[in-house]
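Right after this note come the structures.
Look at the two complexes coming up: subunit A is in both, with subunit B in one and subunit C in the other.
After this line comes the complex of A and B, so read on.
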């Protein structure tokens, strides 16, 4: 491993956040008590599609403690529809169903009462007359011209459809030695945080400010509240100091928020809505991608892949919102880690009568990576080559960087063969092969899973303009402020909520590194949306790059100010000075110096000693744009998606009980390269945790609907979350190829575990099934599915 | 719904209150006692986020009514550190291994792991796995939680409890 040249960055240090959580002092939204707060509960539609003929609320309103019942009709009158990211003006989405319901579980009315208990009693007293209508559940059927349209005025269920073609696809296919085709299916699942979504709002009439506390992780949250409520944005204050109990992409409760804000203002009382688990799973619009991939691969006899044709159909449920864009992000790594010269990508997004899809860790890339990695394994099997060898032959080589992929993104840096080797070493691959074969000989099925994944990081909005040409916004910034007070202590202000990523640790380490001040002494606070600066929130594995980069920028500016003050007072030019832990001395005469404390006194209290024209005090702000920001797509759909590209290799051994089909992960090793590691504990946690999510998606988690449009997995008894029994003690090791684009060479790491694990598990199961002549390309690979492969002809 | 006067010893302090028969123990702790370290993740007994120690045993506080706890003793996460705020060995080890991310599962994870350590300071991996399997964590993949429990057990065994910072 390369020598760590940093003092604080990359060192094994405790995080700043953990202590408050281990004593139970987190500040989650449900912990916030506002005096006089009312509680909300929702009425859920039992029908996947029905006209709402009448809603009778008298009995509910007569119940003591009930204050109000809100319906979609009232919301439609007073609020604007929630934002759609594509040009689909006839898709109108409100917090509550308007005129018709579009999925079983959709919220039809909301009751506000003195307690959640009373609100739930009142929900049972509300009578809704439904006239059931035809509905559509199957995404392939939803595509057909005769299909019932979820939004009749939109005219069809197709929300997005475009075929991109990058490079000479037809030629590459016609010249190829071989081609093969297969289909993979990724069923609906999501990251399902342990904390449901919650929001509290309060209208302060004296100040005309709408206060919002929410369990949120969402770009443009405040501006969308303002738009929906037709309110100036500076009348809304979102408090970013709320701890979020997990999100991994999904905490985008804009529909919950608009309804709660509307009621808080209307009733003049604080209102809170904390979803219960049923609200969350059935109607929270928090399901993830639901896709099938039809893959065609063109390759030569050595296993070099020339071209890919990908057709992906994604079922976004009833209200698309931002989710169709999840077909866009994979374009930024459409060839994964491989030198594939041309790609055709047909992306189709359809509506069905299911709860809406939302952003999930990786923003659509994990299902895509399963399809890609399956392609590699299939080519190897077809040619009877080793799967590792096929990967090595196709890898983008270390000397190829910066590397331009056909869809227009340049990968910044990487060393894929080295990372794969590290994973194999960690796994003791030769020994693992022996163990697999011993297991097979002893009568169990066993397989080794191998997968790699690209993790584009740095998060911008490039896919917005790519999928919606009328959207020309490219700015996706992050801002940080650093200030030094009159006593010389440092405070950093960040402008977003945190859901476990350790932002306080991140910026304290980076500011500490730049200013050479002890990070533990640096205070990091979360602003609110009025008193802070700007953010696009922690999406797309961007905070190490963006918040870290902005923190570095602000600290550097502050250091420049200190040098300027010192130069003025020591009577030398700035480049003759040396900076050491906040003390600035003349480089050639270290006896002439000013301490941190002295510089602070000058800046804050002794204006007479300040350089002419310089602002007093010590503070700086830095607003960072994504390093690759500011570009729009070409007409043929090429674009620089994200700036930085992390990489992981996963190797796992899985055994399967022949009698039950139950898989057990016996060994799991991951090697990763996210450039410079800022805090090793946090990086490791992201990798283990992401992989655990991936294990869930691979084997257990599925939001299943029956033919009648009813969601079958509404509780944790049906939607299975991996426990410590299902997740093995994963091992990890790192490699560092710094990014040339970031402040300290860091790249993102929040998603890679989740991008690699499902592909690795699919690879392991298919390796186990291979001797039985079977393949299984549907995730989750349920125990029964695996059993059928092993036991049915 | 009938109301009941109850008296529960929570973290060594006697708490009294009048609760409706259907008030869960979790809601009583969170709303009436304002001990918000106990979290609610599912309210149907699966996730374990609401676990508290009840007469020395971990239980799901979402599956108990507050009236059932009348006259009993409850320890929540707020009762794990000592009176001066010094972290327990387990809490300290959680910080050392970063056994958490969002922190939502953490209080209950500590309750489950602590009750294991109350029984043995030489837990086997199987015992640790069994104890932690009562709780779901969506963030960590459990690896660093495992490490924390081993570390705490080892420190407690050797009496070398690290002084909390």
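After this line comes the complex of A and C, so read on.
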């Protein structure tokens, strides 16, 4: 392990946020009590597709305590449709169904009452006349020309379709010694935060400000509320000091928010909507990618992979929103960790009568990584080579960085062979092989899973313009303000909610490091959308890089101001000064110095001692654009997607009960490289949680629909999350290849566990099945699926 | 997921429970641990107008061995049964079943009676009561009635309990001889309702021959079932390993399970076969070990 050159960064320090959560003093949206607050409940459609002939609300309105019933027709009249990120003007999406329902569970009406209990009583009294219409559930069938269109005015179910070709694909395939093809299926799953989505809104008529408290993790939240409500953005105040009880991408909530804001303003009372689990699972923002990959691989007899052809079909459900862009982000790491010279990528996004898809951790990367890592294992099996050897032969080598992949992204840094070796050492791989074979000899199926994953980080919006040429925005900034008060204490202002990432810890460590002030004594506060600066929220593993980088930038500016003040008062040039923990002295005569306190007094109170023309007081802001950002895509669809590229290697041993198909993870090791670790606890927690999340996607979690378009897994009885019994102890070790693009060499780490684990589990199960001549390429690999694979022809 | 409006009363005795049930009938519901009832109320799958809380009724709690029976009162918490030395000594099969029931948190609240009257066809306690020929004592304002477990479970979530009756206690017969038992199940995750469960208990006489046997399955029919054909074959002398294999096949071929999200009908049948064989093998092995230990 390299020596840690930092004072606070990378040290085993407690996180700043733990205390309030451990003592039960978090401030979640459901904890926010507004006087006179009304409660909302929704009527859910039982039909996957039906014309709404009539909604009769009289009985509900007659119930004591009921204030209002809102329908889609009213929303259509007074609000604008919610944003689509592709150029699809005829896909119109509102908070409540307008004219027809497009999935079972879609919200058709909303009741506002004195309590959620009364609101639910009233929901039962609302009579909706539905005229059922034909619907489509299967994504392949939805592609066919004769398929029923989910949005008839759009003309078909195809929301996005483009074939990218980067490099000499046809030539590479024709020259290859071998080719192989296979299909992987990633069924619809998600992330399941303990806290469902919730929002409270209140209209302050005196100030004409719409207040919003929400459990939110979403870029462009405020401007989309403003657009939908046709309201100036500075009439809306989103409070970012609300703790968010988990998100991992899904806490978007724009449809909830527009409806609640509209009602709060209309009724002149605070309105609150806290989803219950049924609202959340069936009709909320909960369903992630739902994909099949048709993979073709061209490779030579040594196992070197020359080219890939990927056709991916993603079922985005009824309302696409931002979700088609989840086919875009994987382009930034389309070759994974490997030197693959050319790639064809056909990306198809299709609507069906299912719940709309939303962003999930990794933004489409995890299903893609399963397909890529399966390709490596297949090549190894085809050539009868060791899976590790094939990976090593194809790895981008340490000396290759910065490395340009065919689709236009340059990877910043990495050392993949070293990280893989660390994972193998941690797993005691030779011993693991012996153990696997002993298990096989004892009559169970057993397999070792090997997977690597690239984690593109530093969250950028490059895929927006790539998939939608009419969108020329290339900026995905993050801002931080640092200020020192008259008593010398430091406060940092950040401009987004936090859903478990530990932003307060992050910026206090970075500002503390830069100013050499104790991080525990640095206050970090969340602004609101009116009094703070700008954010694009914690998406795409970006905040260590972006918020951390902005915090470093602001602290450095503030330190320069201190040096300028000191130079002026000590009568020397700035470059003749030494800075030590806030005290500034003349480098060659340390008796001539000004303490932190003295500098603060000058800045705040003694204008006569300030350099001419300098602003009084001590504060600085820094707005950071994504490193390597600011570019539009080339016509052939190449672009620098994200700036930084973390890497992980997963090694796991899985046994399978041949009689029941039940898998057990016996051993699990992960080696990871996210550059400079800022707080080891947060990094380890992210990796453990991410891997647990990936184990869920690999074995348990599935939003399954029946042929009638009904969602079968609406509660935790049927949507199965892995628990402490299923997630094993996971050993971790780290490697550090600093990023040259970030303030302290850090990269992102919020997604890698989830990107590696499903691929590792698929690899383990297939290694276990291999002696039985079987393969299983569908996730989740439920016990019934494994059993059927083993026992049925 | 908010329950519809209901009234609540806390009962102090079985007599009071029966009076309340007689007065309010089908619109009233008893609540003990609430581990199944409360989620069903929250989802408005059931809307009782009166909840009768029986948690304070002392007569509904306790475990005692009386002559040939182990008696467990209906309101006894599952975790107390799990920890009871009497259950371990006289009827360890109940603890083997409890090993698979939920989680410590749910067993701390859940009761024996609550699980039986809920009658989930995949639940473990209904299976063990059918397996062991338990007698279930029901009481209403007019008096007591004893129902055999085999006649208690009628369909998924449907039992012989009338709306004016309270489940008072359950008698599990205590087996004599060298007794071995085993409970196997498969579920996607630890603590879930079983996809399939199989239980077997066997008693050997001094010569090592089977003197009594019970084999049951859960999750494969509308109620927990016994596999009498297998029991008869074992009593007829079939204890060898190869025979157990064939008997398990016989049992699996007799059932007609249904498929759902978590398992196909075929999966249930074939896994029933696997689990019965395991349960029988383990039960025989344990009984033989007991026989060895006592001689």
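The rule is simple: the second predicted complex is superposed on the first by the 791 of 793 C-alpha atoms of A that agree within 3 Å, B and C clash if a C-alpha of one lies under 4 Å from a C-alpha of the other, contacts with A are read in each partner's own complex, and residues count from 1 in each chain.
The rule is simple: a residue touches a chain if its C-beta (ideal position, glycine included) is under 8 Å from a C-beta of that chain, and two chains touch if they have at least 3 such contacts.
Quick caveat, the model's predicted, so the values are computed rather than measured.
Within the superposed three-chain model, A:644 lies out of touch with both subunit B and subunit C [touch as defined at top]. In the overlay built on the shared chain, the residue A:729 is in contact with subunit B alone; subunit C does not reach it.
Legend: residue contacts after superposition of the two complexes on their common chain; A:586 is shown touching neither subunit B nor subunit C. In the superposition on chain A, contact of A:117 is made with both subunit B and subunit C.
When the shared chain is aligned, subunit C comes close enough to touch A:783, but subunit B does not. Comparing subunit B with subunit C, more residues of subunit A are touched by B.
Legend: residue contacts after superposition of the two complexes on their common chain; A:671 is shown touching neither subunit B nor subunit C. In the superposition on chain A, A:277 makes contact with both subunit B and subunit C.
Across the superposed pair, subunit B and subunit C both touch subunit A at residues 117, 276-277, 715, 717, 723, 725. On the subunit A side of its complex with subunit B, the touching residues are 14-15, 17-26, 28, 30-31, 33, 117, 191-196, 243-248, 276-277, 499-502, 681-682, 684-693, 715-717, 721, 723-725, 727, 729-730, 753. Residues 116-117, 120-121, 124, 276-278, 657, 659-662, 699-700, 704, 712-713, 715, 717-718, 720, 722-723, 725-726, 782-784, 787-788, 791-792 of subunit A are the ones that touch subunit C when the two sit in their complex.
By the touch criterion stated above, subunit C contacts subunit A in their complex at residues 1-5, 43-44, 186, 188-193, 195, 261-264, 266-267, 270-271, 274-275, 278. Within the complex formed with subunit A, the subunit B residues making contact are 20, 22-23, 30, 34-44, 46-47, 49, 76-78, 80-81, 85, 87, 91, 94-107, 110, 129, 132-133, 135-146, 165.
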